Structures are given as C-alpha cells and as structure tokens.
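In what follows, a structure is listed as structure tokens, so that the remarks can point back to it.
Chain naming follows the written order as A, B, C and D, and within any one chain the residues start at number 1.
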Amino acid sequence: MSLKTFAGGIHPPDNKEWSAHKAIEDCPLPAEFIVPLAQHIGAPSVACVEVGQQVAKGEEIGSAKGFVSVPVHAPTSGEVVAVENRPHPWGTLLPAVVIKPDGEDRWSTELQPADPSELSADEMIEKVRLAGVVGMGGAAFPAHVKMSPPPEKKINTLIFNGVECEPYLTADHRMMLEEPERILQGAALLQYVLGAEQVVIGIEANKPDAIALFEKHCAGTPVEVMPLQVKYPQGAEKQLIAAVTGKEVPSGGLPMDIGVAVQNVSTAAAITDAVLYGRPLIERICTVTGPAIREPKNLRIRIGTPLSHLVEVCGGLVEEPGKIILGGPMMGFTQLGFDVPTTRGTSGLLLLRAEDVVSQPESPCIRCARCVQACPINLLPTTVAAYARRDLLAEATEYCAMDCIECGSCSYVCPSTIPLVQAIRYGKAAILAKKRSSQVS
Amino acid sequence: MLAAILSLGCIGLIAAVALGFAAKKFAVEVDPRELAALEVLPGANCGACGFPGCGGYAKALVAGSIDLNQCPPGGADTVAKLANILGVEASAAAREIAVVLCQGDNRKAQVKYHYLGLEDCTAAQRIADGPKVCPGGCVGLGSCLRACPFDAIEMTADGLAVISREKCTGCRKCVAVCPRKVIRMTPYESVVHVLCNSHDKGALVRKYCQVGCIGCNICKKTIPDAYKIENFLAEVVYEQDAEAAEAISKCPTKCILDFSVAYPDGSAQLPAVTDKPHAA
Amino acid sequence: MAELLVILVSAIFVNNFVLARFLGICPFLGVSKKVETALGMGMAVTFVMTVATVVTWFVQYFVLIPFGIEYLQTIAFILVIASLVQLVEMVVQKVSPILYQSLGIFLPLITTNCAVLGLAVLSIQKDYTFLESVVFAIGAALGFTLALVLFAGLRERLELCAVPQSFRGTAIALVTAGLLSLAFMGFAGLVKG
Amino acid sequence: MSQQLYLSSSPHIHSGETTTKVMRAVIYSLLPACGVAVYFFGPSALSVLLIATLGCLATEVVCQRLMGQPVTIADGSAAITGILLALNLPPTSPWWLTLFGAVVAIAIGKQVYGGLGSNPFNPALVARVVLLISFPVQMTTWSAPALVGSGLDLVTTATPLGEWKNAVMLTGEMPTGLEGGLPSYFLGTMPGSIGEVSALALLLGAAYLFYRRILTWHIPTAFVGTVILLSGLFWLINPAKYPSPVFHMVTGGLILGAFFMATDMVTTPVSTRGMLLFGVGCWLCFISAGHAPMCFVAVPTL
C-alpha cells in the first residue's frame, strides 16, 4: 500500500525509540515557576498580578493585548515572588511572572465546567481564547484566531496533526495513545465551531499503535484516520495539507484560502479542557530526551517549569551537554542554560552531547541540487541563501524567500554544511525590515 | 570625384534635414539636471554602474534611485560635481571616518557560548543576542568587513574589527550593517577614542570584559572638557578633544586609545597609504 | 528556402557576431551585467541591425554602385546608419515613451557600433540578395542577443561566486567571454560554409 | 556550566554527507571505465590517466598556494577533473598535451573563478575544447583498442561515428557492417577516447551514482532522450543513410557525455525544469561537436 505524502522532504533517523515506549508521567512541582508573558506568536501579554500576591491554579496572571494574543495563567497555587525579566527560550531576557508554589495546587474557584450543547460557537471560541490555547506543535499561534476565519472563507476540511515528524519527539505520540478521548472530543468541538464537513487525523506510519487505536475509536464517527508515509517535514501545516488533500496552499496564502484548517492533536486536547472544564492551558506533554540525559521520559509538565527541574526528574545528566535544544532537532531553539522555563510551545527538551553537535566548517556550494530536491516547497534554497547572504534582497524575494517555512531540510542534506536555513531566515528578516521601513516613510 | 562629393553630400543633407526636422517635431522635455549630469559623466558608456550607459545612469541619478558613487571611472571628482548638480549635500564638510568603539576581542571579552553557523553578525545576534556576554561590543564575525567597499576593515586574529584611518572614506556602509551600532563616525582629526560601547554598570562590565569602560569618571576629572559620561560610559567630546590624550594613562581599564600611536589589535599605527598605488 | 535557413543558422551559431567574428564587443561587455538589460539591448540591436541592413542595401545598390563610388562605402554607411538610428530614437522617444524606456536608451550606444556596420558591409561583400541580407541581419542579431543573454546569465552567476580579488570584474568577464567563444567554435561543424 | 555550550540556528542534526564523500563516490564510479580503458589500451592509457590526474592536483596546489588560500586537493574535485579530462583524450595523447590540458582545466577552468563551486564551465571540458582547437591533429587521432600483452601496437583508426560521417560525405550511404560491431563496442572495443571505450563500464559507474543519489535522472534522460528521439526520426526516414539510435547510444561518447560530463554538479542548473532544459540543450552541442559534447555552456539562470 502506498501511503500519501508530499513532494520533497527528507528522512532523518527518527530516534524516537529513546522515549516512544515510556508512558506519560506527571512531573512533580518545581521549587519555582517562571511563567514568561510572551509565549505565543503575536503581542505578548501584560502582567496583571503584583509581587506578594497569592494566586490560585489557573488564575489569570497576564492579560492579552490585542486580537492575536492570549492571556497567561498561574500553573499552580502560590505566591508571586517576582515580576521581572528572566532568561527566555528565545535567547534574551523577557518579562516573566515568578511563582513560588504553596504545595496545595488549589484550582481557582472561578473556573466552571460547561455543557457544550448549551454553548454557541462564539462562546466556545471565547472560552478557548480565555484559556490561552495556542498551537502546540511549536509555532504557538493563538488557536482562537484559527477558529474564527472571516465568514467568506468556508472551512471544508479540518485536519488534525498527529504526524510528529520531528526526530526524537514522542509527546504527541504518547498523548494519542493514552488520551484519545480528549483529542476526539476536541476534534468534535472544532468541527462544530468551524462547520467542517471532512475531518481527518493524519498520523505517520511509524506510529502503528496510534493508528490502530484511533481507527478503533473513530469507527462509526465522521473522523477519518489517515496513515501517512514517514517523511520530514510532514507535520508542517502546508505539507500536511498537501499530503492529506493533495491541494497546495498558494504562495503567501493561508490554509483557510483553500478551505482547510489544521490543528495539532495536543491543541485539540487543550480545547477540550478549555471548553468542557473551563481549564486554561497550564500544562502539556513534553519529551525529555537525547543522548546526554540519563532517563528519557515523556512528562506532563506545567508551563513555566525550569529546564533544570526536568533534567532532575529525568535522572540527571550522563555528561555535560553540548547543546540544549527546546523542541525537536530540526526546528528547535538552542538554549544558553537550564534556567530557562518551558512554554506552551515546548514539545520537547533535547540534550545532545558535544560529540553529537554538527560542527563541520562550511565549504563552497557544489550545486549538487540536494537542497532543491529536499525542499518541500520547491524553492532553490542554495540560490535564495546566496542572494540573502549578499543582501541582494530583491533577488531573494524574486526567488520566493518569503515562502520558506524554515524546516531545515536543505541544511540537513547539504554536503557542504552551508547554513542555508539560517541565511534564508536572515534574508527574510531583512526583507521584512525593509518592507516595514518603507511603509513608515 | 564630383559624383562622389555630390552623392555623399546629398546623403548627408537628407540625413541632416531629416534629423533636424525630427529634433523639432519630436522634441521631448528632458530634465536639465539630467543633461548636466550626463555632461559631467565620463561618457565611456562602460556600464560599470549597472546601467546600459552614462545616459541611463544620469537618469537614475536624477530620479534619485541610485547612489552617486556608482561611477568608478569618474572617480571622486565626478561624485563632487554630480553632488553639485543634484543639489545633494556636498561633501565639503570635514572628513569623517568610522571607528569601532570596542576592544573586546575573544580573549579580552567573555564569550557565553560557541556560535556555529552563518558568518554574519546580524545572524549571530539573533541567537541569544550574540556569542559575547557584553550587549554592546563588537560581535566579531566580520559583517562590516564584507560590507566595506574600500577594503578598509580588518578582523584581528581574536575576532575584533579594526578600521584603517587612511583607507576609510566615510561611506557609512559598516555603520549601517553593524547590529550592535558599535561603529561610530568620528572626525578624522580626532585620534583619541574611548573604545567601549557598553552602558552596563562598572561592576558588571568588569565581569565580562577586561577593557570595558566602567564609568569611573577619572578621565573626565583629568580633562573635564574632553570627556563626558553618560549611563556609565565615557565618550570623547570630539569638538574639544585637543588634550584628550592626557587621560589615557589614567584610565584603569585602558579603554582609551590614541590611534596615532597604536591600533586596538596592538599593532603600531599603520603607515599612511602613500606608498601604495591608490585606485583613482 | 534551405539557403535562407543555412544563412540564418550560420549567422546565429557558426559565425556568431560576438563570439566568432568578435564584432560588437563593447556592448557585449558593457551591457551584460543583468539578463534583463541584456535582453533589452539584444532587442535594440536586432531592430537596428535589420533596419540598417535594409537601408544600406538600398544605398549600396541604388546610390553607390550607379555612381561608381563603392570606395566610399564605409563613410556612406556610417553616415546613413548613424543618422537613421538617431532619427528612430527621436521618433520612439516622442511616440512611445514606454518603448523608449525599454529599448530607446540602448539606441545611442549602438549608433556606430562595429557590429552594425560590419553586418552591412558583410552582406554586401557576400553578394546577398535583398531577402538574404534581411535574413542574415536577423540571424546575426539573434546570435548577438543569444551571446549577450548567455553571457549576462553567466555574469549574474559569477556575482555569487568567490572570484579572487584580482580577477573580479572585467578580468573574469573577459576570461569567460574567451571560453564562451571557444565553446561557440564547436559549432563550426554544424553548417558547412 | 563548566564547559561552554554550542548555540546555533536550527537544524541541529545533519545527514553526514560531505562534499568529500560525494567527490569520492564520483571517483569510484569512474574507476570501472578507467580499468577497462587500461585493459584495452594498455600503459599509454594508464599514463594519460596518471598525468592528467596528477597534473590537475599539482596545478590546484600551485594555484591555491599562489593565492594564499588553504589547499583543498583532499576534497577530490581536482582528481575528478583530471580523470574526466583523461577520459576525454585519445589514449595516444603525448604527455605534454595531457599536462597542458590539466593545467588549463584547473588554472583557467576553475581557480580563476575562485575554485570549487564557482566555475561556470566544466573544467575538464574547458581543457578539452582548448586542446581540440590548439592541437586538432593529436586530439583526433584515435586508435583501436588492443588487449594488453597481445603484443600489438595501437593502430590508428577512425571512430565508428567518424567512419559513418566520412562515408556519408563520400557516397551518401551508410557503410555496410558498421552496426555489426555494436555488441562488442558496448562491452569495450570501441575505438575512441579513453573514456568511450566501454559503454558498459560507464553505465556501471553511473548506476552506482544513481544508487548514491548523486546523479538524478533529469539531465541524462533529457539528453539521451532527445538524441534517441531525433536520431530515431532520421533513421525511420532513411535507414540507409542514418544509423539507428542504438548506434548513437553505444558509440560517440554519448554515455560519457550524458552521465558524466553533462552532469558535472557545479556547472549544471539546480532546478528540475532547468535540468531538463539543460539536457535537451546538450543535444544541440552534441550533434554539432560530433562526439563527446562540449555542452559546458550552463544555463545559469534557471
């Protein structure tokens, strides 16, 4: 049987055997939570608590600013000990609320369960927004924005992303195995809100247990389970759409332009919590893995748990890590240290040893065209990168630099180890900056 | 013979009449500045500017879509004349050159991580604010060097950009490209500079850099006119820096330097470039 | 018909004006930095070459030969071509500013270009009929355009290459032009004659 | 943290493929052809191979030293140029011709442009063209292969393609029996340049490159496809005058050209569309040049 997939892409070793068989464990509370106020794409939220204030679990501690923004909530009950700049996964110091847990883990009394049959679609979207639900695959785009497309854009197909194509990560996989009901309830809610006719859950063929389980659960429901060929970056929105529907999102367009919406399976679960129980997004599943950690695990963590605590829970380090990566190895961010907290988008903590770090010097491009074959969106990465590096922004734009999804496939295959994605990313930032400055003047 | 003269004369006459007629009949208003600019340009139509000929370049100049310095054959003279014609600020002002206000190379300034990837300061700056602890100092990946059209910038072995006083033409390309804004335009006559760009408090600066300004005020106390201190960072007041050099020996972190004596890389001042053939 | 085809193909490839006859090197090196401008230049040259050939053919057979003054050919041709191009330029500038934008700016550059003059002289030398002359002119111009665009493409790529300092610019352009010319010599076997 | 961490932009893992590995694979793929050539042409072919390869390596070292750049002969690209150049030469090439070709290939074809990755033309083909134009006699003196140790000297002869061309020019008819030699030509008794001798050996090497995913189907398919299509057309029209596509396939260095010369990574387009177009374009150069194509005019903008 030939499974569906998209054009281009790569096959990195998936390394999921480190943690795929480990059941989800609840991570104990750390001594201190650092909850960053910027955890999503869009305007960061603003602290609405003061130092010394007692907060309950789930209470709002940062309020949203603008439409593409969501509030931030206390991960447990305790005292606010500081509102200050702290190291953030993005690499800089950014405002965060620091909470010292009181150990009671007491829920806020304001959070009430609701009966979905009595809620309108708009009320559900509002609940999702208030709960601070964001895309949990990594991009952390506010979910309520995706749930409220403009009326002229009709969503026909709703796709749930159970692909988890990043090597090493198994968080979504474990969630699908252990909490299928939560995911499917969320799927039903989303289908109701968007009015989609077709609902598909895309799962890569390297998770046969999850596929079997969902096929069992979805029998007799409108939800279709679609096994997909194993290939990176199938979990990227546009690639998943191409794999499932065969349709291509136009350059510069959004999935809704072709009547498709995509949500991660963990996001669906978070939506269930938000709508049915009124619970905000304060915890998620996170894979702690890599050759430098003693005991790889899938943990249910609270948002704001410092990385040092995760390392401790997983039995400590085998040796000093060479690289600390939040997220997967293809698109994750390297960290300066373990004092950084987890955020809503943290799907994994990957610790590589110094010997695992790719440190080959760059050599000249030999135009072997591997990057072109690997590129899932059919760009000429070597050309775009070359233009970007020389600040030839007009040429880079002409070669569709702005369409790059930064999946890293090109850099992965490049025999000359040219930092192609980084160069394109640099070019994209420069193009945006130029556009902005020309709009101002 | 006569036939030759006559027939060639006739052809010439016809051509002349036709051209003359066309010149009247099909006259098109041309910006006088464009004609003047064309007049000044060398007229070699060499295409070095990227336009098909001097006419195209002149047109672009008047439209303001291109810099004045795109004509290598014309040289500095042409640029001056063009500036005159186009009413752009003539570079009659005092000569300014760019200076990297930092001495914190990889040995003197603390590095917080090993950077791997694109050799570019802006790209590195995007990863945890650059590999050095100091938020203001030279990133050291040579973006300015690559931006410099005059080969005036060198990177020292320890990763610090140093700009040659003689080769710098003051084009400001490096200033534009530096993500740290550590490159500053200074009067050519001023040779004494405070080579630090960190506004952090003294104690913090001491932690991450051996040669950073700690804002101790000693230089200002020594020569009050020549220095000013803002936000824990001393700066030379270039308008009145005649005696600035006297404070050099007093500076506890040795972050004031006299470029007429030595360069930040430790080399003696490079000899003036008179012995090298200069590309005119 | 086959005759004309041979003339056309040989003018484009075998006796390419730039790469085999080495005529019109000035615009070849000057206007080959970008493919777009190269194409514009190519179009301008195509136009001028065709028109110039037509006019000089008439001048040759209806003026120079009847009066027995063929020895004045060069002067007469230069005169005619130069004024013709000037005339066309003026007309185009007035009548169609858009066309002038894309084509006109190249015209002054080739008023007295050796490729244009060479073409006119060659087609007389070869005793071409009027139709043959025109085909020859079009072929030569297409060949010129082909060489120019190819070369511009190569130079665009060279922009992205780490060419050693001392070879940058004209030096490497000339080396490349030489190699391209060698490549075109390979076409010599394509058409006999 | 006792040791310093590495920070970088994503991705943080790599396929492990390196330029050197790619180049080495290309060298391996050329070995069968070299072996067969040495087997049939004897020591003269071996010496051409050695001189060309060593000449290229030496030139690369000298150039890079002169320009004050790090010497990178270990990446194998200069060796490939040398081997490809040798495969394009007649086995009887005098040593000075080969050496001159090697110097031209590396110095003018490659280093002047900034070394590996920057050259717009395939260096081996640059050298070939320069040699062909400078020394036409030496470059077109072909000899029939003779088994090593058979005691026979190499005999000067015409290539099958040349034979056909001459015959057609003289009589307008294809010489009879020309196609009879095809099976043995395929295996390795083709008179011609060192690399042309055995289509089979070349195909073996190409198969290895396909397996390593260094070669993609685009350029060879477009190139060979165009040749088959057009020669087939002529053959159908007049089989008496034009040889069958198989003849073209086996003789005349089409395999060498399509699989090894035209596919030189550095000088070919990177996009699929560009590659297909390039392959078709190669055909033009192929028919004009007669044998091993001079298709080194890259279509650069695609």
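We adopt the following convention: contacts are C-beta pairs under 8 Å (C-beta built on N, C-alpha and C of every residue); 3 or more make two chains touch, one makes a residue touch a chain.
Computed from a predicted model, the values in this text were never measured in an experiment.
Asks: Quickly list, by label, the chains bordering both subunit A and subunit D.
Replies: B, C
Asks: How big is the gap, in whole Å, between where the Cα atoms of subunit B centre and where those of subunit C centre?
Replies: 41
Asks: Can you check how far apart subunit A and subunit B are, centre to centre, with Cα atoms defining each centre and the answer in Å?
Replies: Distance between chain centres, rounded to whole Å: 43 Å.
Asks: Please tell me the distance, in whole Å, between the geometric centres of subunit B and subunit D computed from their C-alpha atoms.
Replies: 48
Asks: Would you kindly tell me how far, in whole Å, the mean C-alpha position of subunit D lies from that of subunit C?
Replies: Spacing between the chain centres: roughly 34 Å.
Asks: What residues in subunit A touch two or more of the other chains?
Replies: Residues 91, 334-336, 357-359, 364, 383, 419, 422, 425 of subunit A touch two or more partner chains.
Asks: What parts of subunit B, by residue number, touch at least two of the other chains?
Replies: Only 112-113, 116-118, 123, 126-128 qualify.
Asks: Any chance you could list the residues of subunit C touching two or more other chains?
Replies: Each of 162 in subunit C touches at least two other chains.
Asks: If each chain is a node and each touching pair an edge, is that a line, ring, star, complete or other?
Replies: It is complete, because no pair of chains fails to touch.
Asks: Help me check something: in the complex, which residues belonging to subunit B touch subunit C?
Replies: Against subunit C, the touching part of subunit B is residues 3-4, 7-8, 11-12, 15-16, 18-19, 22-23, 25-28, 45-47, 50-53, 55-56, 59.
Asks: Can you name the residues of subunit A that touch subunit D in the complex?
Replies: Going by the criterion above, the answer is residues 10, 12, 91, 167, 320-325, 327, 329-337, 350, 352, 354, 357-360, 363-373, 380, 382-383, 406, 408, 411-417, 419, 421-422, 425.
Asks: Write out the stretch or stretches of subunit D touching subunit C in their complex.
Replies: 67, 108-109, 111-115, 117-121, 126, 129-130, 133, 285, 287-290, 294, 296-301
Asks: Contact residues on subunit C for subunit D in the complex?
Replies: It is residues 13, 35, 150, 153-154, 156-158, 161-164, 167, 172, 175-176, 179-180, 182-183, 185-187, 189-190 of subunit C that touch subunit D.
Asks: Would you pull the subunit A residues touching subunit B in the complex into a rising list?
Replies: 91-92, 334-336, 357-359, 362, 389, 419, 422-423, 425-426, 429-430
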